[in-house]
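I've put the structures underneath this note.
Below, subunit A partners subunit B and then partners subunit C, in two separate complexes.
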Partner chain A sequence: MKAVIGLEVHVQLETESKLFCGCSTDSEGAEPNGNTCPICLGFPGAKPKVNRRAVEHAVKIARALDCEVQPRFYFSRKSYFYPDMPKNFQITQYEMPLALGGHLLLDDRRIGITRVHMEEDPARLVHVGGSISSSLYTLIDHNRSGVPLVEIVTEPDLTSSREARLFLRKLSLILEHLGAYDPGREGGLRVDANVSLEGGQRVEVKNITGFRAVEDALNYEIIRQESMADMGISVMRETRHYDAESNTTSTLRLKEQEEDYGYITEPDLVRIDVDEAWIARLESEMPELPDARIQRYVEESGVPRFQAGIMVNTGLDLSRFFEESIRLFPRPGVVANWIVTFLLKSLNYEGLSLRESKVNPETFVELLALIEEGTITERLARELIKEYVGTGESPRALVERRGLASAGRDELGEAIGEVLSDNRKAVADYRAGQTRALDYLLGQVLRRIRARGDPVEVKRLIREALDSE
Partner chain B sequence: MTGVIDRARELDEEYGIFNALAESDDSMGGGRLEGVAVSVKDNVCVMGMETRAGSRVLEGYRPPFDATVVKKCRGEGALILGKTTQDEFGFGTFNVNTPFKVPVNPHDRERSAGGSSGGAACLTSVADFPHLALAESTGGSISCPASFCGVVGLTPTYGRTSRWGLVDYANSLDKIGVMGKTVADAALLLSVISGPDEYDSTVSQAPPEDFTGYLGNGVEGLRVGVPREYFGEGVDPGVSEAVWGAVKGLEALGATVKELSLPHTGVSLASYYIIAMAEASTNLAKFSGLRYGLHLPLEGAFDEYFSRVRARGFSEEAKRRIILGTFTRMAGYRDAYYMKALRVRTRVIEDFKRAFAEVDILAAPTMPVVAPRFDEISAMEPIQHYMMDVLTVAPNLAGIPMISTPCGRVDGMPVGLHLMADHMEEGKLIRATHALEVSA
Partner chain C sequence: MSDHWTIDRGLVERIAKVARLELTEDEIEKFTKQLKVILEAFRELDDVDTEGVEPSFHPQELSNVLREDEATPWSWDPLENTEHREGRYFKGPRIQ
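And now, the complex of A and B:
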């Protein structure tokens, strides 16, 4: 049975101030409830005021997803009682959202985007001493109250959990390129997933954080629905909660218990009329997006498409790393190959992201320069990159400190001479046609130079020495 | 001005005017309101002064900021005297829907001072010291008590004054306005409080005006329209007669008068109450005893706690409006009520726009009757309370400015003449009422 999946993705926008007041959105290390004011605490008498920067971010996101920005839009009140909402209503968009009708391309798959709208984030609830059900009490931190969110709603076009994960990766990459989203921010991307099996009832799984968790939650839910179908039990239309720890979903409420949000237009905010010139200006400010970046790597730098794709899709920081590296070491093919084949593998082995590691373009290209100038062999470089990724030590310094530079011509000549005179029997065997003797001699020479040389080259020199003896 | 505070305390004991009173005179002086005591309707925030909007649910709320209008008055040297009594959140026409003091009518203590800005009108009438009142109207809460108490009440265009610091009733309808003994008083205070405010997106960007400049300009050539629908069934004949007398007075002073029709007057009441209650029911959601106002011992789940606070904190009329307002925006009913009411509102605005293409101002009775007695009020059904607003809700829905000014008496009680003008045309209202005032 085919899965039918639609996502509602909530993204925290990277603005300096909140959506409806001047409070800072940067609450890392801030005192709980420190970044608050009468507006985001919903004090009687306070009124919201739209943060223009947040709207501009949202417009760019909408345009990057090829959505139509509506000529006019307004905010609405979504009413429900919950302690994370100081006003007991959330200012969001309902009838006239910011933008409608776009899409995102996953290779040749076109995933429809139904709408893009803005809303305010509720407070963060801290359940002390356990989960929501087992905790002793719950604290409310309003530092998050009013942080701007953009909600991106897809059509039910996704067909597998893997595709959902790929969609989210691509989406977050686009958002990252737009400077609208920081992938390092905890809980910066939250997803509600609607999932059904073809012909079955739709189940909404709420509040999943992270790509991996979305894939896991969907996998669980698809298998659950499949096994129910196998047993002849029909799936009920309901909202389910995802528990990341046990990787299971459980019933939150049935369709009959769905909340009725009683939307009204937000009367404290005026309708926003969009003028073409404003949209045009925002479009002109939009940076290059991932697909265009891949194309540029292929066309301008001659990087193979699959390598360009890997670099761009890994994240904006790796793209920047590549671009800076080829500025310092202008051989894009070599750089791309080393990044994709060896750097990423080593990072992966160390369990580090680029951001977490001490790797940087300046030291990374030293490694490539060392190979190119013949100071070390490529083979040694492949060994050294592991150490470099682990410690971040400059490869040039590392080679020097450990005396790893390839043996020079004189040293090599001397070593070969000594080996040939010490191993006359092997020399005789070689002359008698035993090619294996040459490998023995090679081994002896390499041992003497402590492997600081390219075996192929060394072998050639040994043969040369034997022939001229 | 400490003497003023003492005097205000005496008047409060006699008439039931204040929910909070200033403890000392902290006025700065030196502006257009130097030496003037400004009273503030309880639903307008005064920093540090208990602001309950006439509701028990806000007990103990001392706002950490001043409403913009209060700040502007302070800036002009006024003494902020205290918080005047009102119906809970503005939910009423007679100022009886409150667990706190009920103001009495200065002309007859057995009668209502009107609502919801009852304390403001009552004080404006009885103050024997320089006083101006900041009041607020959603559907007639300035005009009605001004009419009943025989003072001048000016409700400006929606967006003329900032609502920052107003405890919301229905945000798309709420307007902070003024009351004074004379038109000149009202014009002065409106000049002080109007103008753009970065804290309220719905305020007009039009620069502040000096409305006192309209005083004495006369009504020569001013076209006065009299809407037929405002003199229909339910309007006391004595009230009609007094209002027509004032209209004739304007004609005698050089205005021209014509009768016309505002065809959507009949449906405006339903539209008004649906929109007002829908908005109110969302505004009141925040009162749940978490961060401010009434708190109770924390017991049970959060929703049980919320319910206890709300059951205890709201009185009957507030609960009625929360339930009705929630109903009108629920799935399945929303289109039939809330959305339809918004469409009717557009029709009502179009009525006025058509009228103002022909005339400069409209004249009508403010209230269909003079102030009723408290025993009459307690015999009324809620729907009869709502019907009392039939003449004031349409201009409030349209967001146009209106002024109520005394124009005679019936049974010894003041009658209010209601003049309405197009958006941002408060000047015409001031011209006309001032001309009548000086000719009387």
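And now, the complex of A and C:
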């Protein structure tokens, strides 16, 4: 049976202050309810006022997804009763959202974007003494209340959990490029997924944080619906809650009808008009997006497309790392190859992200320069990069400290001379046409120089020495 | 949009449920009657000719009242007026 999946993606916009008030959005280390005011706690008479940067981020996101930004939009109140929202309504957008009708390309698949709108985040709840339904009471932290979110709603165009993950990864990458979203922020991307099997009722799965969890949650839900269908039980339209720890979903409530939310236009906020000039200015501020970046690496730097794709898709910090590296060491092909083949592998082995590691472009390109100038061999560099990624120590300093530089001409010449005079039988065998004798001599020389040399080059020098004897 | 909603007992019960109101039998009966009268009064609006009139969503004709993105902390104790607290948290009911 084919799965039909649509996503509602909530992304925290990167701003200094909340959507409708001047409270800080940076609550790391802040005490609970420390970043609050009468506006974000919804006190009677408090007057919200819209954050310009949040609107501008949202417009850019809409344009990056090729949505039609509406010339005029309003905010609405969505009424519901839940402890995370003391004023009993959430300020969101409903009838007249910011933008409609776009798409995102996933290779050759076109995933429709229904709408993009802005809304405020509700409070964070701590369920004391159990799960959501079995807890004794809730503790409420309003530092998150009023933090600006953008909600991106897709058409039900996704057909598998894997595709949903790829979609989110690409979406997150675009938002990161726009500077509208920080992928390092915990809970910065939250997803509700609508899932049905062809012909069945739609189930909404809430509370999925991060894109790996989306794949897990969808896998679980699809299998659950398939087994129900197998047993001849029909799937009910409902809202289910995803529990990441057990990787299961459970009934939260039978789905309210949209009209039960009693939407009204938010009377405390005036409408927002977005004219062509404003959109044009914001578009001119928009940076290069991931697909264009990959194309540029291929066309301007001659990097193979698959390597360009890996670098860009890994995240903006790796793209910047590559760009800075080729500025310092202008051989993009070599740099890309070393990043994709060796650096990422070593980071992976150490279980580090680029951000967490002590690796930086200045020291990374030292390694490449050391190879190029012949100080170390490529083979040695492949060993050293593991140590470099682990410790962050400058490769040049590392080579010096451990005396790993390749043997110089003089040292090499001396070693070859000694080996040839100590091994006359092998020399004679070589002259008699036994090529294996040359390998023996090579081994002896490499031992003497403690392998600090390129075997091919050393072999050439031995042959030269033999010929001129 | 004449008979999109008919006010009857079922609708009143549903509104009460969505609004988290517990109504007695008498109240349900009373409000059903009253809501019918109210809706009937609003039906008069259907007679107005609105051809060529822009729909109105908001009483204010203002637009684009925005604030710059600056963090301006509010100095207060948000918990001082509540007894429903635990440490620096507000305390709320468990989710039904």
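Everything that follows uses one rule, which is that the second predicted complex is superposed on the first by the 454 of 469 C-alpha atoms of A that agree within 3 Å, B and C clash if a C-alpha of one lies under 4 Å from a C-alpha of the other, contacts with A are read in each partner's own complex, and residues count from 1 in each chain.
Rule of thumb we're sticking to: contacts are C-beta pairs under 8 Å (C-beta built on N, C-alpha and C of every residue); 3 or more make two chains touch, one makes a residue touch a chain.
Keep in mind that what you see is a predicted model, and the values were worked out from it rather than measured.
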Worksheet item: Of the two partner chains, subunit B (first) and subunit C (second), which one does A:G390 touch, if any: first, second, both, or neither?
Response: neither
Worksheet entry | Broader residue contact with subunit A after superposition on the shared chain, subunit B or subunit C | C
Fill in: First (subunit B), second (subunit C), both or neither touched by A:R53
second
Worksheet item: Given the touch rule stated above, what does A:P38 touch, subunit B (first), subunit C (second), both, or neither?
Response: both
Worksheet item: Which partner does A:P455 reach: the first (subunit B), the second (subunit C), both, or neither?
Response: neither
Discussion item. A:L136 in the overlay: touching subunit B, subunit C, both, or neither? Say first, second, both or neither.
Written reply: second
Item to complete: In the overlay, answer first, second, both or neither for which of subunit B and subunit C A:K87 touches.
Response: first
Discussion item. Which partner chains sit in contact with A:S24 here, subunit B, subunit C, both or neither? Use first/second/both/neither.
Written reply: second
Worksheet item: Between subunit B (first) and subunit C (second), which does A:P304 come into contact with in this model arrangement: first, second, both, or neither?
Response: neither
Worksheet item: Which holds for A:P267: it touches subunit B only (first), subunit C only (second), both, or neither?
Response: both
Worksheet item: Which residues form the common part of the subunit A surface touched by subunit B and by subunit C?
Response: 38, 41, 49-50, 81-83, 86, 140, 260, 262, 267, 269-270
Discussion item. So in the complex, the part of subunit A that touches subunit B is made up of which residues?
Written reply: 38, 41-50, 77, 79, 81-83, 86-89, 140, 260, 262-264, 267-270
Worksheet item: Residues of subunit C touching subunit A in their complex?
Response: 14, 18, 20, 57-60, 62-74, 76, 78-79, 86-95
Discussion item. Can you tell me which positions in subunit B touch subunit A when the two form their complex?
Written reply: 44-45, 51, 53, 58, 61, 63-65, 67, 163-168, 170-172, 198-202, 278-279, 281-282, 285-288, 290-293, 302-303, 306, 326, 329-331, 334, 338
Worksheet item: Contact residues on subunit A for subunit C in the complex?
Response: 15-17, 21-26, 31-38, 41, 49-55, 72, 74, 81-83, 86, 95-96, 125-127, 132-133, 135-142, 256, 260, 262, 265, 267, 269-273
